[in-house]
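The structure follows.
Labels run A, B, C and D following the written order; every chain starts at residue 1.
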Amino acid sequence: MANGFRTQRRIEFADTDAAGIAHFSSFFRLMEAAEHELLRSVGLSVFLRDDEGAISFPRVRAACDFRAALRFEDVADIDVRIERIGRTSVTYRFAFSRDGEPIATGEIVAVCCRVGQDAPPRAIELPKWIADKLRPFVDAATSE
Amino acid sequence: MANGFRTQRRIEFADTDAAGIAHFSSFFRLMEAAEHELLRSVGLSVFLRDDEGAISFPRVRAACDFRAALRFEDVADIDVRIERIGRTSVTYRFAFSRDGEPIATGEIVAVCCRVGQDAPPRAIELPKWIADKLRPFVDAATSE
Amino acid sequence: MANGFRTQRRIEFADTDAAGIAHFSSFFRLMEAAEHELLRSVGLSVFLRDDEGAISFPRVRAACDFRAALRFEDVADIDVRIERIGRTSVTYRFAFSRDGEPIATGEIVAVCCRVGQDAPPRAIELPKWIADKLRPFVDAATSE
Amino acid sequence: MANGFRTQRRIEFADTDAAGIAHFSSFFRLMEAAEHELLRSVGLSVFLRDDEGAISFPRVRAACDFRAALRFEDVADIDVRIERIGRTSVTYRFAFSRDGEPIATGEIVAVCCRVGQDAPPRAIELPKWIADKLRPFVDAATSE
């Protein structure tokens, strides 16, 4: 994954469930945390401001396929790459592993939105200055 | 508990941890949910508006003492009473039980605050119309 | 949805995030809670025992598509149906709505597993007595 | 805090609530994560095994006093010290700060218990080999 971004997260006790493993919903929190860390690494955030107001990135899709379990105190490697930068959206792909063993793969599609206090989010074209910062993470094989 | 308010919550799988019981942090979520249900029962909410703007109730204290555990699918009775209505704060007391067996007792102290987008919450005197709606839940023995 | 199962959940304050809406990971907790309520309605649970030991249903897939947001104290209707009962797995489909407005649709694929303390879950054929109880929820249009 | 243990945690988006700040229940998850990190630093865990079986540390008390709020992406310093090692229990004290500004203080009392699959936890005397590893974190001023 030439253009990838890798981070790590330890499974906390509160992430586990009575089956003794990380609850499946925890993977979605971890994917989002990894996405935000990628954004921070290039000076971006999920809350941005430009001249016209606030911009945020609500999700229109989140999915995860599980192959193996994570347990309390396991340290997961999380690889993040951007599969696609669309006109208004960014598609992230995630791969969880532990010591090289594949654990899960996931996807989040976030849409660039103008957000305000009292109105629902409204999709806008992804500003060029944001897209330019994300492009290095786009997987070469899948981008045109 | 003559002036009390009782509600119930079922322990969901996501509330449990690898010890097979409801994670201790879940009790705080359940206490808050019970508090909000009490507020709804008299037409209040933790987010209110008056002529001057938005009012909310950040917590300055939360505590819980645990005597026994709750497990997945257990149904907990949660008794709520108001121990004290102060000038700016409301002190709630919670008792968790299961089929009459005491499980845990807790406390939340919430402070009435003027809240806005870009400034920290600022404590204000509890409006009389709010205090009047809460007074029926004050435990007779402890109020003067 | 002739064979469907419907339940309701209120968005609690702890489910919300700084964007003022229910955090996307909350939808996965709510889907699971709805699945478990369906199981309870026919006398099943995600933790079962038969003569050979414990049976549980780890997830191999979870996905959600979001069309609109839920906010604090919103009451969501959650429709659940079973799309497919496989040899070892059950595929659930979920539809979230609020006052008839579509909010989100989701999917969980759970695999019937023999589970123990010290070994990873091992997929087993779905016992007939469990499959028989689930069959009424299978969507007629999609079952063969 | 001569004998203290300090760690850091970043507030993730899923930790926040619709008031725009870290939800108060998140502080309890963060306290526990800091406690476990302290235990790991001396080769301990909240799940231990000795010749007689499994040992764990259920909580009998958890409390937090809040002075200020944490927001998304804030990095909190968490100072942990052990206030008291009792016959069966360990009392932890936590102090949250951000760039030196006090945010919150908390307490967790954990009880050393023999734990098993099908019985409630049973308090046992804290084994000497565990107590010896924890003693360096006991605050000199408060220990006798």
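Rule of thumb we're sticking to: a residue touches a chain if its C-beta (ideal position, glycine included) is under 8 Å from a C-beta of that chain, and two chains touch if they have at least 3 such contacts.
It should be emphasised that the depicted structure is a prediction, and the values quoted were computed from it without experimental measurement.
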Query raised in the report: Are the two sides of the subunit A and subunit C contact the same residues or different ones, given that same means over half of the numbers occur on both copies?
Result: same
Query - Farthest chain relative to subunit C (centres taken as mean CA coordinates) - result: D
Report task. Starting from the mean Cα coordinates of subunit A and subunit C, work out the distance between those two points in Å. Result -> 24
Query raised in the report: How many Å are there between the centre of subunit C and the centre of subunit D, using C-alpha atoms for each centre?
Result: 34
Report summary line: Per the C-alpha means, the centres of subunit A and subunit D lie apart by a whole-Å value of 29
Report summary line: For subunit D, residue numbers touching 2 or more other chains are 13-14, 18, 20-21, 25, 29, 32, 47, 72, 117
Query - Graph class of chain-chain contacts, one of line, ring, star, complete, other - result: complete
Query - subunit C-touching residues of subunit A, taken from the complex the two chains share - result: 18-21, 24-25, 28-29, 32, 47, 56, 58-69, 115, 117, 120-121
Requested in this report: Show which residues of subunit B lie in contact with subunit C when the two form their complex.
Outcome: 12-14, 29, 32-33, 36, 40, 45-47, 72-73
Query - subunit A-touching residues of subunit B, taken from the complex the two chains share - result: 13-14, 16-18, 20-21, 23, 25, 71-72, 117
